[in-house]
Structure formats: C-alpha cells, structure tokens
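In the two complexes below, chain A is the common chain; its partner is chain B in one and chain C in the other.
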Partner chain A sequence: MNEKNNLTNQMPIHKRGLKFYASIYKKIIIQDIKSKMSYRADFIISTVGMVMTNLAGFLTFMILFHNFPTINGWDYHHMLFLYGFSLVALTPVQCFFDNNWNLRFQVQSGDFIKYCFRPINVFFYFISEVFDVKGLGQLAFGLGTLGYAWHKIGLPVTALNIGKTIVFLITASLFMIAIMNFAAATCFWIIGSGYVMVIMFRFKDFARYPASIFSGIFKIIFTFIIPIAFVAYYPSLVLLTPDKVPVLSWLSPLFGVLFFYLSYRFWMLGVRKYDFTGS
Partner chain B sequence: MSKQASNEPAIVMEHVSKNFKVLNRREGLSGSIKDLFSRDYKTLQAVSDVSLTVGRGEIIGYLGPNGAGKSTTIKMITGVLEPSEGKIMVNGVVPYQNRTRNSEQIGVVFGQRSQLWWSLPLIESFNLLRDIYLVEEKEYKDMLELYRSLVDLEPILHKPVRQMSLGQRTLSDILAAFLHNPAIVFLDEPTIGLDVAMKSKIRDLILGLNAQKKTTVILTTHDMGDVDALCKRVVIIDKGKKIYDNDMDHLKTFFGSYRTLRMRLDGEDEWTERVIDENKTDVMKEIEKTQKEHKIKDIQVQEISTEEIIKKIYEG
Partner chain C sequence: MNLKRFAALTKAGIQESLQYRLGTAVTLFSNLIYLALVYFLWKAIYASSGKDVVRGMTFEDTMIYLILATALFNFLEQFIVWDMSRSIQSGKIILDLLKPMKYRIYTFWSYSGAHVVQFFLTFTPTFIIVCLLTGGAIHIGVNLLFFVLSTVLALVVNFNIEMLVATLCLYTESTWGINIVKETIVLLLSGVSIPLAFFPETIRGIVSILPFRAVYDIPLTILLQKNGADQLSGLLPMLGMQLCWVVILTIAGNLFFNHAVRKITVNGG
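Showing the complex of A and B:
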C-alpha cells in the first residue's frame, strides 16, 4: 500500500463497458439460480403456479375461439401464433426486469439510496438484483404454442424467417420492458404507482389480440400511447402477412429501441429526483 | 484502491451549502390540485456554509440531531448530491463531477440496510464486489487474510445474508465496505440494534481496519458509546451549521468542566447529587462544606457523559 501512496491522484480510470456488465450479470444470475434451486418447495410451487396461470389463459383463449371461429379475419392458428408470440415476448420482462415491482417499496422506505453508491449504473445494479425463474415456464409454453401454430399455418422454416422471428421477438419484448420501466419509475413522483404498474401489466393481455379488432380511439392508444399493439401484433405481421406488412411493423425495431431508451432515461430521471428529496 | 499521500487530507469541504427547493403545499383537495401547477417554492437550507477538513486515517464522529443536515452532507461527499455553493474534494476527486470514480474510493455502510445480495452466501457477494470494483486478485486475497485475522470469518462466509443474525449482517456489511480498500468509509449507525458484546466486536473491527488500512472513517451515530470508543475528533452540526469541531477531550470541557458529585449522607439511603462546574467551584471545597454539617458515608465523583454533553449542545 505504501508504494501506492506515492501515486497521488494517479488512480487508474476504470472503463466499465458492455463486456464488464455482461460478465457481472452472468455471475449474478448463476448465483441467484443456484440459491433459488436450494429452496426446492418454493421453486416447484412457483413453477406449478406459472403453468396453471398459463393454462387458464390458454383455456380462455380456446373457449373464445370455440364460439368465434375467426376474429376480424384472423383464424384459429393465426391467433394461436399471436398468442405464442406474445407469451415469448413477455418472458424477458418477467425474467429479467421483475425487480421493477419492488422499486416503489424501496423508494418509499428509503432503501433505494444504497444503489447510488456503487461505481456501476444504477438501473443495471437495481434490475440485475432479481432474476425470476418463473418466466421460464412461460417461455416453454410460448415456444410450444408458437411452434405448433407455425407448423399449422405452414410457414416455411427458412433462415430469413427465423432471423425475422428473433429480431421481432426482441423488439416486442423491448416494448413491454419499456412500458413496465415507465410504470415502475412513476413511483419516484407519485405514491400510488402500484396501481399504474398493475394496470399496465393487465394491458399485456390485450397484446394477444390483433390490434385491428380495436376501433378508433383504442387503436390509437394501444399503438401510440401505451404501445401494447407492438408487444405482438405489429412485429408478428412481418411473419404472418409477408405480402402486406404495414410500415409500422418494419419500423417497430427502431421504435422499440427508442422507446426502451426513453423509458431508461425516465427511470434515471426519477433516480435524480429521488436523490434530491429522499433521505 | 489507491489512497493519497498521507500529508493530503482525505476530505476537504470549503464553505459548502446545500439548498433545496420545496413546494409550498396548500391544504385540502383543491389545494393539492393547485399544487400540481404551482410554482410557489420556498428555499430550505439543509447545509449552510460548512467547512471541514478530514485527514487521512482519521476517524471522526459526525453528529447532530435528526434533520440537522448529516445525511445531506454525506450525500454530497459521496457524489449523490451537488452542493449549491462551495467546493468539495474527496481524495483529489470532485465527487459530483466524477461520481463513478468517487464511488471507487469510498465505502458506505447503513446499520439498518444491508447492501449485500440477500440470497447469496457472503463469499459470493465478496466475489461480485471484487468484480464490480475491479480489485486485483492479490489485493483481494490479502484483504480476506486480514479479515480472517480480525474476525472469525468461517461461520459466516458461506451463509446467505438473509439467514444471518443482525450482528453477523452488520459485520458482513462492514467487511464488504472495506473490501476494495477505499480511502474513506462512511458508517451510518453501524451498531444500531446490536447487543453489547456485538457492539464491542464491531467497534474493535472498525478500529482494526482503520489501523491496518489507514482508512478514513466518517461515523454518524446516535450511540455515544460508538463515539467514545472510536473517535478522537467530533464534528457536530445543527440546523445545517457546524457548531463544534474538536477533540473528544475538549468536548468534555466545552461547556465548562462539569463533574457530578454524589454523596450519601449518614442516616440516608439515597444519594444526593450535585453537578459542579469546576471552573467556578472546587469539588473538595464542596465536600468540606457538606462535612461541617453532615456525616458523609460515601462519595463518588463522576465525569459528565458524552451523551449528556451532546444533549446540552443540541438543546443549545
């Protein structure tokens, strides 16, 4: 330590880039999964719970289709495709961004301040703390549904189609993540942010229906204000109707990245606001 | 990670003030609605014109009643808040302008809030912190060795934080804060809620780490036992202003040299207490005077406790 003392002010400036964050994140997740596995009963019960929730959602869907064979020109398998697509797209928000649900408690109790003292990004530090394994059940369910519908519709399995699917699934999940970021970050300004989060989270159920069934004002709201229509409908059109893809669908990856970035800025703005008042 | 040459102070604050704008809230529902659009702010001065220099390796007690501006000061030194006026240098870094860099050279412990990963065993938290602070492997190993020499590490090292007792958790939090060998560590109520044995263990640990690593420690606490055991120097702020900055020993004479004289007189079971300012009256004379009239069975002379002095200062 003594030799270091001579290096007055020569502290190395550490650059923490994408690689640094990726490696930290990987380590946190592995540790977290390990510790979750050790609580076996909890793990099993939550997995069963997730399967039941998904089954219930699926049953509602079946009953609906039993009564209406097509919705606005969408037949059973196309709807199923949309349904599977939305389930997969909703997995990242469930798995990786679940700690947003705890944000308001930490902010209100003042515990949030602890995230401000580390030399890493506050949003990353906070979000990385929780990895929710339950989302994996949903992912499996969604992938199964998507694969089945894909097969029934007779979509060709080409590299292009698979590439499109991946890009637009990521796009779709970015929208949902951003919506929840916005909703969670409202807690920096208002007390009742729990309601905002619950309402936004409920809206995700609309994602599994084609936005064309909504009329007028709702279509505008779900496209431009609370962009639920981008959490499955617009991105999936790229695959479902390759001959007439709306411009909005092609633009959705760009919008997704932008919207996510805005939600991140909004979240960080909240942190600054918290710094000034919370004690 | 790196500490500055020992002749340079760890923290320099020059005429630092912090103002907050607060909305003048109106009453009732219509008031709340008006507040939404209101531009009617008043300025609150949380810290006003505080200058402070803390040397390398010092342990200072930073005291004050609730709402005095302690946490605002700490937030400015840690780079969370920008001072409204004045200059702050922490180990050669302007905290607010280089928040990340500043965070690398400080450690923070909140007695009531663990900063460790709740579900991870302590060693895994340590490993993560090593990665986050980019600590060299050798320094990391040396630090763990030092920890082993100061506390019994084995029983807690593989225990998830959530299964720990409060004492173990506090201990772990302190170890975690020193892990990257920061120049300055902030301890906020480090012994809150702990039993006497654990309190003294924690104090010994802090003293040990301070001695070995020459770490500057800023301690905020309401527990005068902590202050007595750890600090040579005390800074007291009240209503945002620094009202005292000197040695612990000097503190005891700050408001006169008070002693409590306790006497038990013949035929009485109760102690008679008298607080005497030694600058004005002599304790011996007081005893002589009493002896002329009564027979004294027992005598005690007590120093006034730090707690009472602080109370006197707060009450101002």
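Showing the complex of A and C:
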C-alpha cells in the first residue's frame, strides 16, 4: 500500500523532470543556432569541409576496392552497407555531442566552472550548449550510401527490418558517443590529452571495416575496451546475416546503454575532481 | 645574431613540449593502438587478395610505409591554424606582430623545439622498432642522409601549407571549416591514409605534381628506395621537386601574409 503510494507520488515529478530538460534543451539549442547563423561564411565553409571529409573517406574506400575486390570475404556492396551504417551511426555524436571538443580548453582556462553553478545536470548543460548542424550533411551522405547498398544487396524492405535498423543504429551511435565522452573526460586528469580525442576520432574510420579482421588480444580490445567493433559491425550483422546473428549483436543494445552510462559516470567523476581543485 | 635568436626559440619550444610528459606518453600509447588497427586492416586486405605483391608493394612494404608515415605525421604536425586563430581572438597576435622578427619566421622557429622533441620521442623510436622488426627491409646507408635532407624540406613545405591556410582564416573567420578541408586534402593526397602507389593512374598523375606529396610520400620513398630513389637520377628529381615547392610556397606565403596582415581585424586586442 505504502509502496504504491510512493510510486504514484514520484511519477509526476519524474515526468516533469524530462519535460523540464527538454524545454531547456530547446532554448539553449535555439540560442546556439542563432549565434551560428550570424557567422554565415563560417557556416558555409564548415559545411563544405564536412562534405569534403566524407568525399575523401569515400574516395579512400573506392581506391581500396580498386585494388582489392574483397576484404575478408566481404564484397563491395556489403562493405558499402557497413560504411553507410557507420556514417549514420556517427551522426548523433557529431550533431549533439560536439561540445566535448571544447571541454579541454574550458577546463584549462577555468571557464568550465560556470557549468557547475547551475541547478541542472552539468553533463546535460555542457553538452546541450552546441548543436552541430553540419553533421546533417554526413547523415544525408550516410543514408544515401546505406539505401544504395540496401537496394543492391536486395534486403527486403519490411517493417521489421526498418525497426531493426533504427534500434541498432541508435545502439551503434551510443558506443561512439561513449568513446568520445571517455576521451574528452581524460582532460580532467591529464594536461595535453587533446590527442586522445583526435586519435579516437580517427579510430572511427576503422569502424567501417568488418571486425572479423582482428585477432587475439586486439579482438578483445576493439570489442570491449575501445568498442569500435560495435560502431557498425555487430549491430549491422542483425540485418546482413539474419540467419546467423552472433550473440554479441543481440546483446549490443544492452552493452550500448551500459557503456554510455559508464562514460557518463566517468565524465561526472572528472567534474567532481575539477570541483575539488577549486581552480 | 639571428642564429642565437632562433636557438633561443627552439630551446623554449623544447622545454614547453617536455612539460607535458604524461600527454606525450598517452600519445605514444594511442599511436600504438592506431598502428595495430592499420596492421589488422592491411593484413586482411592482403590475405583476401591472394597476391603477395600489389602495385609493386608487398604487405611488408605497405606496413613500413604506413607506420613511418604515421610517425612522420606526428613529428611534422603543427597547429598553426588553431594557434593563430586563437591569438587573433584573444588579441595576442598584436604582441607577436610587434616582435623584432618577422611573424612567419618567428612562428617557424617557435615550432622548431616541438619538432626536435617529437623527432626523438616519436619518430626515432618508431624507426628503430620498425628496423629491428623487419630485419633489414630498410636499407641503412646514404639513403638515411638524403631522407633527413628530404624531411627538412618536407617540414618547410608543411609549414608553408599550414601558414597559407592560417592566413586564409584571417579573411574568412572560419577556422574549423578551413582546417578540416586542409587536413582532409593533405592526409589523402600525401599518402598517409593509403600509399600513393595504390591510386589509379590518372589520379596519381595529378597527385604527383601537387605539393602534398612533398610532405610525406617523397621522404618515405627516398628512405625505402622505391621508384628508382636508390639512384641519383631518380633521387634528384624528387629533391628538386621539394625544393621547387619550398621556393614557390615561401614566396606565395610571404606575399599573401603581408597582404593579409594589413586587413586583420582584432576584436578587443
């Protein structure tokens, strides 16, 4: 009886919490987009830059296939599927979590303290401050590639398949977000750790190759420690090989949530450490 | 007199780089993991091709090329574009412009210390490890001397590209966009991502006359003695090409910077 009462009492508060954060997020994002729009040239050049990086990535891919028709048993269209899948999965980290790149400058200069004085979640406030519009170009590029490969492989377009795609794309993106959270948060402990982020961001380029190429200890490292195998390979197997999906693929949504949670805790641990130094 | 000034800047740069020891260790470690990725990818690629030699490159050649390219990349990396845009934002650039030394020369020498540190901390260990692991695949002889010469030229070409792009940012006020375009082009067309030997003929023809090849591909080709670099007749055109780009880019960079510096708008310097 008591327990039931407690539950009903808590429900509205929890709901208001989400609504509250959503409304704050909307306000912050609108401010950010407004301020970005005032630098129109910068916006256009950045978008062009984003398109160019995607084109260069694609060109690298084409040059590889020009010389080598298959990689580890994967043919051109399956690889293209994986490539498109990884691009779409990398969009949320680009669009919503881009402010992680500014973390080390803010921490070093001491400006970060302003985030600690607000009565809202520090991680939420910091991350929501930037919405990166140019990531949408990558999304379009990724969706195009994914659609083309989907068509060429001849995957059936059913509600189930589309549902699976959405769930496992979200899963995949959680892993990349978590990797970048971990990499960014290292700056709370190590000065000059900017390179960790740069190299982790370069690791993402390897997410587009089948993780079956790894062996030995590195298979474990790239699956469970720096989980780039989950950024495209394991989640996409659910669609590509529906007859023999590995257990790890089915478990990936669970791992994704867990990994994201751990990265969040790590990030917040850094904030607490920052508080204590009082700088 | 001038040499003394340069030496002072180099020394300051060395001391500054050595400050971040933990950062350097982390960098080295992440590089090792990155190289593991490169290794597995190319191993799988060569295994599925069923051939030992593709486009004149064996698996071993490709690995040596890519590992040393990554090491060279870390050694030559500069953040002039970012540093300059930040010093424009903070107004610090005014102080640097007022120094009794040309801004471009000052920037070049203040980076030299970091290059020295990176050379001994990242490039040399990587090179020694590769030499030991491959057991004589890299010829040790007079090619090392030419490699060092070529690397110095590469450093100057790289500095000039960086400086030109940084100057461009004075006009556009867009750092991220311009920088990512530069990085993408340099990484792809200089051979760091994929050895230039794998490029299709037509693209290779265009790439071979662009300055980006002078940064990574030429020093490595000379070191590995590919494409006739073991003979003077093959070697001289490569070094000549680098020298040409050094001259062209230095002149262009100077003219461009001198023009741009008059247009600088510093907010709240």
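One rule holds for everything that comes next: the second predicted complex is superposed on the first by the 260 of 279 C-alpha atoms of A that agree within 3 Å, B and C clash if a C-alpha of one lies under 4 Å from a C-alpha of the other, contacts with A are read in each partner's own complex, and residues count from 1 in each chain.
Everything below uses one rule, namely that contacts are C-beta pairs under 8 Å (C-beta built on N, C-alpha and C of every residue); 3 or more make two chains touch, one makes a residue touch a chain.
What you are looking at is a predicted structure, and each value in this text was computed from that prediction instead of being measured.
Of the two partner chains, chain C is the only one touched by A:203; chain B is not. Touch criterion not met for A:258: it reaches neither chain B nor chain C. When the two complexes are overlaid on their common chain A, residue A:269 makes contact with neither chain B nor chain C. When the two complexes are overlaid on their common chain A, residue A:60 makes contact with chain C while staying clear of chain B.
Of the two partner chains placed by superposition, only chain C is touched by A:73; chain B is not. In the superposed model, A:42 lies in contact with chain C only, and not with chain B. In the superposition on chain A, A:214 makes contact with chain C only, not with chain B. Considering which of chain B and chain C touches more of chain A, the answer is C.
Once the two complexes are overlaid on the shared chain, A:31 sits against chain B while remaining clear of chain C. Contacts of A:193 after superposition: chain C is touched, whereas chain B is not reached. Shared contact residues of chain A with chain B and chain C: none. Interface of chain A with chain C (complex): residues 39, 41-42, 44-50, 52-53, 56, 59-60, 63-64, 66-73, 186, 190-196, 199-200, 202-203, 206, 209, 213-215, 218, 221-222, 226. Across the complex, chain B meets chain A through its residues 1-6, 8, 20, 71-72, 75, 78, 80-81, 92, 100-101, 103-106, 108, 110, 113, 115, 117, 119-121, 124, 127-128, 131-134, 160, 181, 213-214. Across the complex, chain A is touched by residues 19-20, 22-24, 26-27, 30-31, 33-34, 36-37, 40-41, 43-45, 47-49, 54-55, 172-174, 176-181, 184-185, 187-188, 193-194, 198-200, 203 of chain C. Those residues of chain A lying in contact with chain B across their complex are 1, 4-14, 16, 23-24, 27-28, 31-32, 35-36, 110-111, 113-114, 116-120, 129, 275-277, 279.
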